[in-house]
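Encoded as structure tokens, here's the structure I'll be asking about.
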Amino acid sequence: MSELTREQKFEIYRLLRLNRTLEEKLVNLYRQGKVVGGLYRSLGQEATSVGTAYALSPGDVLGPLIRNLGSVLVMGFSPRDVLAQHMARASSPSGGKDCNLHFGAPERGVISSISMLGALVPVMAGIALGARLQKKNVVAMTYIGDGGTSTGAFHEGLNFAAVQKLPLVVVAENNGWAYSTPFKKQTAARCLADRAAAYGIPGETVDGNDVLAVYEAAKRAVARARAGDGPTLLEAKTYRMKGHAEHDGQAYVPSEELAEWAARDPLEAYSRVLAAEGLATADDLGAIDAVISERVEADASAVEQSPFPAPESALEGVYARKVADAEPAVARRRS
Amino acid sequence: MSETAYVDAIREALFDEMERDERVFVIGEDIGVYGGAFKVTDGLLARFGEHRVIDTPISETAIVGAAVGAAMMGMRPVAEMQFADFASCAFDMITNFAAKSRYRTGVGVPLVVRGPSGGGVHGGPFHSQNPEAYFAHTPGLKVVQPSTAYDAKGLLKSAIRDEDPVIFFEHKFLYRRVKETLPPGDWTVPIGKAAVRREGRDLSILTYGAMVWTALDAATTLESEGIDAEVVDLRTLFPLDEETIVASVAKTNKAMVLHEATRTGGIGAEIAAVLSERCFEYLDGPLLRITAPDTPVPFSPPLEEFFLPNAEKVCRAARALAGY
Amino acid sequence: MSELTREQKFEIYRLLRLNRTLEEKLVNLYRQGKVVGGLYRSLGQEATSVGTAYALSPGDVLGPLIRNLGSVLVMGFSPRDVLAQHMARASSPSGGKDCNLHFGAPERGVISSISMLGALVPVMAGIALGARLQKKNVVAMTYIGDGGTSTGAFHEGLNFAAVQKLPLVVVAENNGWAYSTPFKKQTAARCLADRAAAYGIPGETVDGNDVLAVYEAAKRAVARARAGDGPTLLEAKTYRMKGHAEHDGQAYVPSEELAEWAARDPLEAYSRVLAAEGLATADDLGAIDAVISERVEADASAVEQSPFPAPESALEGVYARKVADAEPAVARRRS
Amino acid sequence: MSETAYVDAIREALFDEMERDERVFVIGEDIGVYGGAFKVTDGLLARFGEHRVIDTPISETAIVGAAVGAAMMGMRPVAEMQFADFASCAFDMITNFAAKSRYRTGVGVPLVVRGPSGGGVHGGPFHSQNPEAYFAHTPGLKVVQPSTAYDAKGLLKSAIRDEDPVIFFEHKFLYRRVKETLPPGDWTVPIGKAAVRREGRDLSILTYGAMVWTALDAATTLESEGIDAEVVDLRTLFPLDEETIVASVAKTNKAMVLHEATRTGGIGAEIAAVLSERCFEYLDGPLLRITAPDTPVPFSPPLEEFFLPNAEKVCRAARALAGY
């Protein structure tokens, strides 16, 4: 079923591992007080990010949310970018203007979200629309949490995309929780894929912890989009293994749930697949892991030594051309 | 040569820009087959096809959101709000996504959100609003409101060519009431520049939109009373053309602001602040604000008339000011 | 199937007829320039308004839109109220502050909408919520057009109501058009009832031109709500026989569609039912019609002679207690 | 007696009002089991149950909409925006439904929308905004922002008891940084009344929220330089307490406005207008605005520090003003 090459399967492994190792490093830095602001984890959800983004082709455009660390890595942003963002450095993709994974560049295939959940869905529909107007064969992919599907923006964006048959894949990342709010208090629908009927588009649910299954499902959705068959709502069932952010001990989460999902760790599962297919031994993977760890450590030190942005740059970049001074002009004296 | 109405000037700007630049497209509710609630986009569908003239569902957030995305891809979207009042339904998208994108991530969002604002046509509380001050308090946006057909065309062209998001308020009362002969060819009116509509020595009336005409009416009356009013049409509300404002007030030494939007926190407030900061030494009298009162826009004609500023109210204030 | 009494069936007829006759009078007044602002017709949709609102019980609360003239009549507002609103008179329920059917009073079971489509859905969810908090057994009912279902507010409101299992009935009035926008450009869903799946609530489609069918379906939805089983999305398939408003000649509407639906006029259909059931002859109904016409004429003249609001009342009622003056205070002189 | 932090004062107000009046309930995201992102509602669920402490989906429009409906039914909802920035997602509901209901139809909507605003905690562009001016330009709303624990409690109680919709901005920087001993019993702080936090003769610093503390800091420095600054805490931003403002400026003859929100169209602009209209004869110098510049709120600490007003910037302006 999977047409992935051996090399691709390794690449997927490396991406999953990089996602996790980099995040562990961020946790470390966070505990040392070196991360500015909050830290939002993707632990346990790596397969959803990596599997979906991996289904895109060059030229496609992705709109990640804050837990899609794996996705931005797939799209070619580097650990340094991510580290610099979290440490608010001048060299960060946002130049220190915004936090966490809020960065992007259309020409690099990544669109930066704003914090307001749902807002990215209409914008990514616009990406698809813009590309189509330019006769580019671009697929747009974005994410939405179980919580985010309750927003009006999600609804308007997906409905519009469906009417326009835009090449858009919306990955509904159902990790069971929206901050402290469980799925049942978010919606009375049985699952997020059920929301697709409202838009007359295909809805599908996939095991979000099985990276190959995610990849296959995403590949199908991407193919539909590329063929002109319009958007897909792809629900990835996964689980948020940590609190909403590092400050949140998630006392409200039942421990049985956590235990159950811990047993379904996507990296371990994928390692087993690689082993079962005879592609890699634990040692092979260990060697990969070591290389990644080393790289992340090196990148982190480099970023730690890099400067913060110059204070005055706070005034720059509001408009393409500067239109106003920050300080009020002095009062003119009557001559 | 025949005269062009304000509404037609806007259509011409859209038409010309779509001809000139294939990145330009329009998107909104009922703008295609129907040509828009006020017929602003009439004929565009026939000329440019439904790829570039996009009728949408009733989804202001999706309309502006799609414009944001398309702009990021290099397009030049012009999004219509059927009434400016409904921009409230896209408020987050406009003020947080469009306005802040360049600053946060370096990705500019050259788009225009345009639509009819203003009262005087008994549209009631939700089809008469003047929401410009909300957007003028949002760094990253530019806010424009033309008072003439010439400016409507020239400013809209500038807005479309601008690298940043421009909120373009048309005044629906002017659509068919204001006409002039427009020069041929491709000309624009710069964003950020006010225009002195009438020179005067005694006091400055700083205004914009439909109220420019009210101010000119008032100035005529005042002239007969020996008060020589200067009328400044702001045209761009954010960023304000402080130089023209200051120059006018430095000359007349007295100023009033006139706008149709409600008083508290309106554009008049910002102008008061600019004058306080920059013209303190020049002012020989208080700055007066002639605005709508702090209420929603009432529907019934006598109520709306009472609510709206008019030439008489301007004259009354001007007389008081002249007496200083 | 229908448990309506003979008297109720006549009452429904009178309401349908009053809806139509009153609207015809408004058209008349509009042509004479006596209606202030636009005139939004409900021609052909009367059965949906009347049939749904008639399913409510005393104490229930309804949130009508501008085409639900029949509904506000069912709820007990008078032709005078409606006429005075359209003629912007002091005696109108809104005191001339707002237009068309934008009026209401919770204690009279009607909530006034704002123009922004969709906004009423969360508000009516709040009505249901408020009533439940007060331990009142109230059902809230509201309407949304095919166009209005594309708004984020509709989505958020219905999703919230579903999670809270609120006693809310949302009647999706699918009249084929939203201004000039046909259903197909509004949504890719097959029908509006399909949107219910997104919220895990029942969705049902009914012939909106068959007043008894509408009534029965609404009755079921109301019963579910009252029993604590949560919201229903009830789609009424009907047709907008006139333009968006009187100024709109609806040139964009295919004439075959109009002809097809003209043959399904809800008043004629209901008259045939009454005749078939042996309840009323054409003469009986004609007599009713005459009484209604007379009343509407009389009400219209009375309203025409009634005064416009006092100009200064424009300043009143923004707050419960006056907090600010309309005119700027005069500058204080240094003593 | 122990001191109560600003955040706890807010919780106490909610608790007291819910005890006092069973029409009061709270609604918002993560306010129940979790007690709110800032723990403002901690403990309310345990005391009042999930009927009156309602965790919602991520739907700001539905949250405020439900509050509007419930208020119309006679309830007294208090809706939480997890961050004030997200009020943009309920903008239409707040400014068009809640604000205009009484005027349009006579049906009052007594509700409170509250949430944390303001920066200084490196929250970035979407968790640091000060959106008060948007709402202060909306007739029908009242807008409040306390600077002390006492006011936080007293004003929130007043807001809940008010017959009209009140937008209640808490400053997140103050949540745990500001404490005081609160008197027992049931007391309120009236909406619409400013407070003079420090009397002074030389100039008036008109401010609110976290900036009150900045102003007081600055005043201490200025005192050592021989400049005696009066600090006025506006507390209510709409409607403004013009009497207190005018009285202060009539005394000091010099005024500056200090706020954390961006400059153009902020509350400072409105104050400039009020002073222009009402204090022209009293002003011996220009009104200066010390505010954030017209940019989004940047994330990185050096940028945010540069962006935010501080005591030093206030002192600099005060010295310039004193020299007039």
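As written, the chain order gives the labels A, B, C and D, with residue 1 at the start of each chain.
By our rule, a contact is a pair of C-beta atoms (placed from the backbone, for glycine too) under 8 Å apart; a residue touches a chain by one contact, two chains touch by 3 or more.
All values reported here derive from a predicted model rather than from experimental measurement.
A count of contacting C-beta pairs for C-D and for A-D identifies C-D as the more extensively joined pair. Comparing the CA-atom centres of all chains against that of chain B, the greatest distance is found for A.
The distance from the centre of chain A to the centre of chain C, with each centre set as the mean of the Cα atoms, comes to 44 Å. Per-chain CA centroids place chain C at a distance of 39 Å from chain D. A straight line joining the Cα centres of chain B and chain C is 35 Å long. Residue positions 56-57, 59, 61-62, 85, 88-89, 92, 96, 100, 103-104, 125-126, 139-140, 239, 264, 277-278, 280, 286, 288-289, 293-296, 298 of chain D are each in touch with at least two other chains. Within chain A, contacts with two or more other chains are made by residues 94, 97-98, 102, 114, 116, 118, 150-153, 156, 159-160, 163, 185-187, 318, 324, 328, 331.
Chain D contributes residues 25, 51-52, 54, 56-57, 59-75, 77, 92-93, 96-97, 100-108, 139-140, 142, 162-164, 192, 239, 242, 246, 250, 277-282 to its touches with chain C in the complex.
Listing the residues of chain A that touch chain B in their complex gives 61, 93-95, 97-98, 102-106, 111-112, 114, 116, 119, 121-134, 140, 152-153, 156-157, 159-160, 163-164, 317-321, 323-324, 328-334. Residue ranges on chain B touching chain D, taken from their complex, read 85, 88-89, 91-92, 95-96, 99-100, 103-104, 125-126, 133-134, 136-137, 139-140, 238-240, 262, 264-270, 272-273, 275-278, 280, 283, 285-289, 293-296, 298. By the touch criterion stated above, chain B contacts chain C in their complex at residues 29-30, 32-34, 37, 55-59, 61-62, 85-86, 88-89, 122-127, 263-264, 286, 288-289, 293-296, 298-307. Residue ranges on chain A touching chain D, taken from their complex, read 36-37, 88-90, 94, 96-99, 102, 114-118, 147-148, 150-153, 178-181, 185-187, 252, 308-315, 318, 324, 326-328, 331.
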